[in-house]
């Protein structure tokens, strides 16, 4: 898979103008306020199973509209005092999976909360959370990206974002977690959600966004050769008269705009042969990110990005961010 | 694309045992009863536009749960007395489209009602009807086939089927339509829905099912190389522990089971190189269809089936069924 | 399918120098003169069938070399006085099809003549006209684009162009048609032929060219990733010593050169993700088109272009061009 | 590419009933008689070039309809007396190529005549012979297999077959060739033509047919996943009403029927992973071949078949057939 | 991806005759004896890093020819007494990876030794062990499967097998490991090696083989549509004269033959849509496996097989096999 | 396949800075000196077979490390005095093949030595030479390009280059060869090796490099969409931390650097649609080539390049370079 986006020197200069609705902050303030009508009501149910080195809780809480959202909290069995916590969001199509798929951060001595992205989890890693979808005003393209996309209030990612923001509070509510040391983390869609949360939650310790999705939707829809940005392109290929309206909705959800409000330090990674989240969309988010940041570039990778190698860098970074000796 | 299913002689003998829940009829009686709580409330709004040979109405009615479902009613401008009516259901991913995409049946002198399949219409022909989806108990694979698939009551096609059954009543309610001459028709998903309606509505004049989908789901999921049966296979590849549960739900929706209750004569067509609706799934439905029937076989076609050539055969057949000289 | 040609701002400035033989006009004058040796001899045979709203004639006339070319003339059954007529040319590989595939323009109150492109009609919509092909000086690549391509006099599209030009006269010869209101129309190959006819027939009312083919052959052969321009590339990959000679022939047939002589107003459409007729080849034709013109841009479409949505725009445009209130 | 046709034991028993028109022999007698109206008129023009070890003549002769067909005659420079001659027919889409592509048989001490297949030679190896194609009764699918396929008299392979039969006489007419020792040889289409010639020319010394095409057209059209049999399938996918008529034409050209009349010994080869000329089509021809025969089976090959390895076997076989010590 | 191998009922009866050299046991006795000339010399070097819950050692030992083979030993930090140990072999193209990719078995309270497969680890998970390859008698197809395949003594998998057998001894040599409770485990190539070890090492506690590779090579080479069996097919497509010789070599390495000597209980899993290790090759191994066994069937999966879901079943099974309450 | 690299005008200006180790010359002087420890020891064994026009010898000689390397020497049977000799290197994955695959240069009156590339010959044309590969420090990606790539001394192409340089001496050692007239020639990998030899052997008469591989590895790894440069990209996608180290090794083997030392005249050819050896990598080598040179450009070809047409040009060029009247 050859390079197909801008060259690295061009990417390093790629600073596209942001497209942001005037009421962006008002929209999100209202959205989160409405969500507060539903008490968070987190539950942590211990899970029994063959794992002896970690303690696993089946987590649920009231997400958008009060709907129950599920996740796992994974803790090292042996711990001294409250732990810093990594809150992780899955990539597109995946869910929280099985507990034994979530061992990395506990093995590093962190608490780890991984939550479902509502409705997802039927494509590669199982999920347990449905999406109570209002009908919206019409048709969608298969996938999640176009559900309700003609109306910001009914757009699917409004619900997902509320869930993600509330997941931070869920993590903080558990007695084993040190609420002052929380990182938001994810790859692809998870990375885009981590950036989104970074713009909406003021006091995170760190943000990790690997090959993030949900950044600069228009460029993604125009140049991504694989992956979910293509759902937008295919939808707009049918609904040729809705192009402006759709991107007006997406402006509220663009992680580029959220990141421009972030205050927590962030570590990004990007893959130059990524045709699912093309590097220019990632650099757009990176260059507009408002706080301390660093970018790891993987030249010969596609959307797998830095993979386990990047996980290693992330662990080292998180230990430092969490001030672990 | 070579032949990849059974040979024609084998297909002609393919008569798989039906898998039918004991409460199949009760389930559908209850489902349609519940729907009756919402008055049909059809509206027909004349559409202006560049077409002078046909009269087009923007139709809407209360479908499942009372949600508004949209369609077009297309009538010849010049007509003498009530017309027989073709009620058509779209193929997977498509909607009612634009009025000028719906000229065939009016040009043949029929009334023509084409309705949206809720939520669809973002992939190839535009739709105008959303789907108010309850969250169900978890994740889905992108597409419509797995929405709520673990529970017959919340399964997506329960809502779609109610809409389709009610569309027959909508057609009958229009003064230009002769309510005693109604045909249900469609290709692929539309063919599957026509067979479904044939099992649930007692007094249709004719049924036309071209390369029907929604027939013998299990075989479809096991052998279809392209198209939406693969959504089931991919979902079950993730949810390995739900295989039985999913097919138990689908038994309520299998057009093989609906057709086994049909009383109207039907014309089927099948394409032997079809990898989306493999011919054995079509022959399964054909062989179990309970009323008068005929099958047109297209040897060298894929899922496009008989295309416009079959449309011509269907017109001739419908004229005869409608007793037009 | 991501964008792969120039960006929209670049396309809007793309004005390549035309490559035109000195005897271009002489060649075509001679060609059309020679054709006049064969009287047009149009025949219109009424077609019976299941369609009641339209009157269909099986048309034939003497095309290039006197060979019979076939088409359909479709008329609304109910009409007052002569009708404006749309003369349509099919896309590559298709023929006139079946009458019930040609209902759009009659439903809008126009006469509609659709003709075969000789030899084609075996790939997606059936045709009824063969091509009496002189042997030329050698081999061809499968397809029609390289038949006789080393010699303008024996090139396949010389015959096709004569047929297309004469089709305008055929339309004008029918009593139901108003000979002063004729539009040439088509998509892909049909759009290229509409532009060609626009340069060779002086008094058309309107021209509609959707995602036209046959424009800027060299660029097409160099950058089209799909579709028939590739036939040229594959032929020249074998006949490496004929590159100049082949493009010298094609210069006589390039719709860019024909359009530069047009006098009728034209409506173009282009799709930015079109890899069969790349947008730069369409903009080349558009920018050189000599008469009043307008371009509709579809950002997220491939070669399907504006599809039925564009048909709607075209109907509105044609009504206005035909001065229908 | 896995095995996808019958298993080897099944292939060894595969003996399908032949479908042969009653007037098969009369058709070919008439065809060849008509051809005799045109004197053969072979010309042999010495070719100069960089090759010093072989003598090359540019050959032409009057093929079907008197049209000039081209080829190369390649002879070893150093020779004693008349040589046995290999007459070779190219594979689909290829022509005679350049003289230095035709060195194998001269290096083995044979005369070698390779002729063009009219019209072909634009896809992989250049040809120099056009095809003067009568229009026939309609459309074709790109490629050569459907040209005139609705009428045996106007079918493309009627012309090609006449050319091939006459090429044997051309070889015999050259003074350097021993007219009593002629082999017909080819791979794929060339193999099918070698078998065809074996049925129409009574006194060949040997026949070599590697992975032959043009055998059991119906099965080829039904199961070949790649290559030109697919042209038939795609044509019949459009012309759904011509299936019987097309195969009735093809029965005159099926190498299975020609081989059933052969008298010369033949060597076949087949590749079990061949999806272009599936092994069952080859075994059908093999089992019906009427004279002495042998089959070489290549288990792990696709349509490349035995390649150069098989060439080596063929050289050894031909030396023996030509009674070279 | 549809089913493409035998049906499940056929698979359950698929019991192909084994092809086994007379000196199979002698060959392996000699091979392992020769290996004993090199003392095992295991080294365990503690690895520092960000993981706090596990203790990781960089392992190396003398494999075939005394060459150093690398792996990781991962142990829970908190442990009481010696632990049962899972010895794992990677899938084709992968190596031991990074320590934080190997957390599953330690989290379940087991010791876990994962070793490199020499030379591999450049395709999906990094490896650290080269392969000192003798030239053998000629060419190879890219990949590992054909290295030295014409000679059992120089075949690549002879070296790999020796490494794998010795890895069991390495595990037993570590003081934290209970040498009486060792399981051999792997997926794909790793599953094939687990079965191989099961035939060569007499006293294992358990064997886990998920979608195993290296079983019934001939059928694999004939029917696998994807993956490394294709390397054999492509090699034999070139070396058409070596088919028998190559399979004679492979008979020594077929896990079907090794499993027929096994004494430890085994758990297999198979995926019916697996085109890399087709289910019939897995059932062949399963049916010939000589000890207690059980098969888990995943109907809708490809070569990913049971994935994390199967890992969960395996953990439960291993706890039971290791007699953990 | 459209153009995907730079445009021709850009290519004509593409003159990238070379990346060359300071000890490049010392490395190769040492490498060739070490090789001299093994006497060349060429053997020429006459091969009997069906070819009467050429004399074929099975050649072997001591290549790198003294390992025997195999080839064919093909001579015209009829010759007067010593002949100029073409030494040819195969493309990636191929070997010397069978003698009757090597007839071109002897037919032109040259001696022709074609040698194996060690280890290769299992993918498309058979080889007979293995590669005695030291283990190196770790894993490889399937294929040859990454064998030992972390260390110039153990890199696979060091061995291959020594073999190639020595092949020139082998040619000169045969009595039928005129040692003052030697050309190095090849396509793809063979072209890269011809350029490499041109930099290491001072007194060649001519060099022919068609679509050469092994030129500007980094650009190849970044932009080649097909072929072996991708092996590098995939290896580096796993070994993300070795990018610099790998390209440091490859700098010693880049034909761009070798060609910058060449003294013999060279003829290059390039194909603008080549995605295996992208044209910019070829132009990089061409522009840095230090001696007289000429480039043939094939616009519409992929990696097949000029094929037999280019062979014809090459024959003419070689006759001139060898001063044959």
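All chains are identified by letter, namely A, B, C, D, E and F, in their written order; residue positions are counted from 1 within each chain.
Keep this in mind: a residue touches a chain if its C-beta (ideal position, glycine included) is under 8 Å from a C-beta of that chain, and two chains touch if they have at least 3 such contacts.
Molecules present, by chain and UniProt name: A, B, C, D, E, F = Acetylxylan esterase.
Values in this document were obtained by computation on a predicted structure and should not be read as measured data.
In terms of the stated touch criterion, the partners common to chain B (Acetylxylan esterase) and chain F (Acetylxylan esterase) are A, C, D, E, listed by label. Here the C-alpha atoms of chain A (Acetylxylan esterase) line up with those of chain F (Acetylxylan esterase) after a rotation of 120°, rounded in steps of 5.
Of all chains, D has its CA centroid at the greatest distance from the CA centroid of chain A (Acetylxylan esterase). Mean C-alpha position of chain B (Acetylxylan esterase) lies 50 Å from that of chain D (Acetylxylan esterase). Separating the CA-averaged centres of chain B (Acetylxylan esterase) and chain C (Acetylxylan esterase) is a span of 37 Å. In chain B (Acetylxylan esterase), the residues that touch at least two other chains are 125, 234, 309. Chain contacts in this assembly follow no simple pattern; the graph is neither a line, a ring, a star nor complete. Checking each pair of chains for touch leaves A-B, A-C, A-E, A-F, B-C, B-D, B-E, C-D, C-F, D-E, D-F, E-F.
Chain C (Acetylxylan esterase) meets chain B (Acetylxylan esterase) in the complex at residues 49-54, 76-78, 97-98, 100-101, 103-104, 106-109, 125, 308-309, 311-312, 315-316, 319. Of all residues in chain D (Acetylxylan esterase), those touching chain C (Acetylxylan esterase) in their complex are 67, 93, 95, 116, 118-144, 146, 148, 231, 234-235, 238-239. If you check the complex, the residues on chain E (Acetylxylan esterase) that touch chain B (Acetylxylan esterase) are 1-3, 273, 298-302, 304, 306, 309.
Against chain D (Acetylxylan esterase), the residues of chain E (Acetylxylan esterase) that register as touching in their complex are 4, 221-225, 232-234, 236-237, 240-241, 243, 275.
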